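Following are the structures in question.
Consider the two complexes below, in which chain A is the common component and chain B and chain C are the respective partners.
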Partner chain A sequence: MKSNMVNERARLYHNINVIGFVIVDMIEYLDTHPYDKEAIEYLNHYLALKHQAMAEYAEKYGPLSIGNVPDTDCNEWKWATQPMPWEGGF
Partner chain B sequence: MQNFSKNYNQPEYVDQYPIAMAYVPWQQQATVFEDLNAAFYAGTIFPELEKPFVGRRCVK
Partner chain C sequence: MWNYEKRLQFPVNITQPNAKIAQVIMSQYGGPDGELGASMRYLSQRYTMPYPEVAGLLTDIGTEELAHLEMVSAIVYQLTKNLSMEEIEASGFAPYYTDHTLGIYPQSAGGIPFNAGAFQSKGDAITDLTEDLAAEQKARTTYDNILRLVKDNEVAEPIRFLRAREIVHFQRFGEGLRLIQDKLDAKNFYAFNPEFDRCKC
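Entry: the complex of A and B
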């Protein structure tokens, strides 16, 4: 069970990184094409997707950003107790 | 006051550019890769910006 839980976590984390990258790339495109409505819709779609993926990751494993702390269970300050990147966390 | 909001990137303005300055044509196409995971490894989501280095190491 442990290995596929780690794979699931790594997969979700990878997806968050990919979505984050797509967002950054589209932001740069919009900087030079500020009136491209289609691009804005595309960006909004992926912003929502990232928001949802981050919340899911926080619920399952721990907050990746302080904004996701509300998505974690309240009786533990996971922000500090979850493993650090050098301890195998992300 | 020069109107900076005008897009000087259109080809017809080229003759108005001051000399000895570098110019980079702006991206036009807004087509996006279907497979975003591949785009992630390609380093861009825009096909027209994917320019993989295809040269060789300097061979003596």
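Entry: the complex of A and C
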């Protein structure tokens, strides 16, 4: 059971990394191709996925970005207490 | 301004410490062709860049380089974490240890502290973009050199990712240079400096 939870967290974290990479790569592409309609649509699709995945991760495990701190959890400031990404992380 | 995302751009999970390889990889943090210099180069050059696409490109690539600097630092950190005194002495890490203990400090593989002299912000669009193209290739060569030294796949994987990004950025800066040239006098790109001279037309 516990390892399933770890797997689920790792899977979601990996998805965020993959989606995040697509976004970085597309932003740089669009800087030099600002009128590529297909590329803008492609980026918009991934921006929506990122927003969704970041919110889900924050809700379940703690925020990866200050914009995703859930307003329902006032018992612990997880932004401070969760491990830093260079400490192994996920 | 910037917002922090509490994740590495590409995962770094190194289980075997290796101070010898840390000493060469730290060059891509604070060495002459490292990520700190890359980031500061692009983020400095962008202010006087008169074309918004290229100023935006310098901002976005400069920002990605900050994420790369964090990855390289994480690699060095994990390679030197929990080293014993015996390991420090045996791996030739004693000089670094003397100055920084196991703290992460930007310096070259040869021990020279980070120096802004490794990059330029020349205030001339063609000059700066040409430097940026060279910078991406210099970083790519450094990663190729590092990859010939690294045997551990946990270390090589993030290094390969970083190397691939140098090639993508070289492509993007090439497109940026072309955008600049398209806006200049095709008969003489150097007729005036768009970052300094006022356009007569």
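FYI, the second predicted complex is superposed on the first by the 80 of 90 C-alpha atoms of A that agree within 3 Å, B and C clash if a C-alpha of one lies under 4 Å from a C-alpha of the other, contacts with A are read in each partner's own complex, and residues count from 1 in each chain.
Operating definition for what follows: contacts are C-beta pairs under 8 Å (C-beta built on N, C-alpha and C of every residue); 3 or more make two chains touch, one makes a residue touch a chain.
These numbers were taken from a predicted model, which means no experiment stands behind them.
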item	value
Partner chain(s) touched by A:25 [first = chain B, second = chain C, both, neither]	both
Partner chain(s) touched by A:85 [first = chain B, second = chain C, both, neither]	second
First, second, both or neither for A:17, with chain B first and chain C second	both
Chain B versus chain C as contact partner of A:67, first or second or both or neither	second
Contacts of A:36 with chain B and chain C, given as first, second, both or neither	first
Of chain C and chain B, partner touching more chain A residues	C
Contact residues of chain A, present in both the chain B and the chain C interface	17, 21, 25, 29, 32-33
Chain B residues within the chain A interface of the complex	9, 26-27, 30, 32, 36-37, 39-40, 44-46
Chain A residues within the chain C interface of the complex	13-14, 16-17, 20-21, 24-25, 27-29, 31-34, 63-67, 79, 82, 84-86, 88-90
Residue ranges of chain C in contact with chain A within the complex	3-13, 53-54, 56-57, 60-61, 64, 67, 70, 73-74, 77-78, 168-169, 172, 175-176, 179
Touch list for chain A against partner chain B, complex	17-19, 21-22, 25-26, 29, 32-33, 36, 38-39, 42
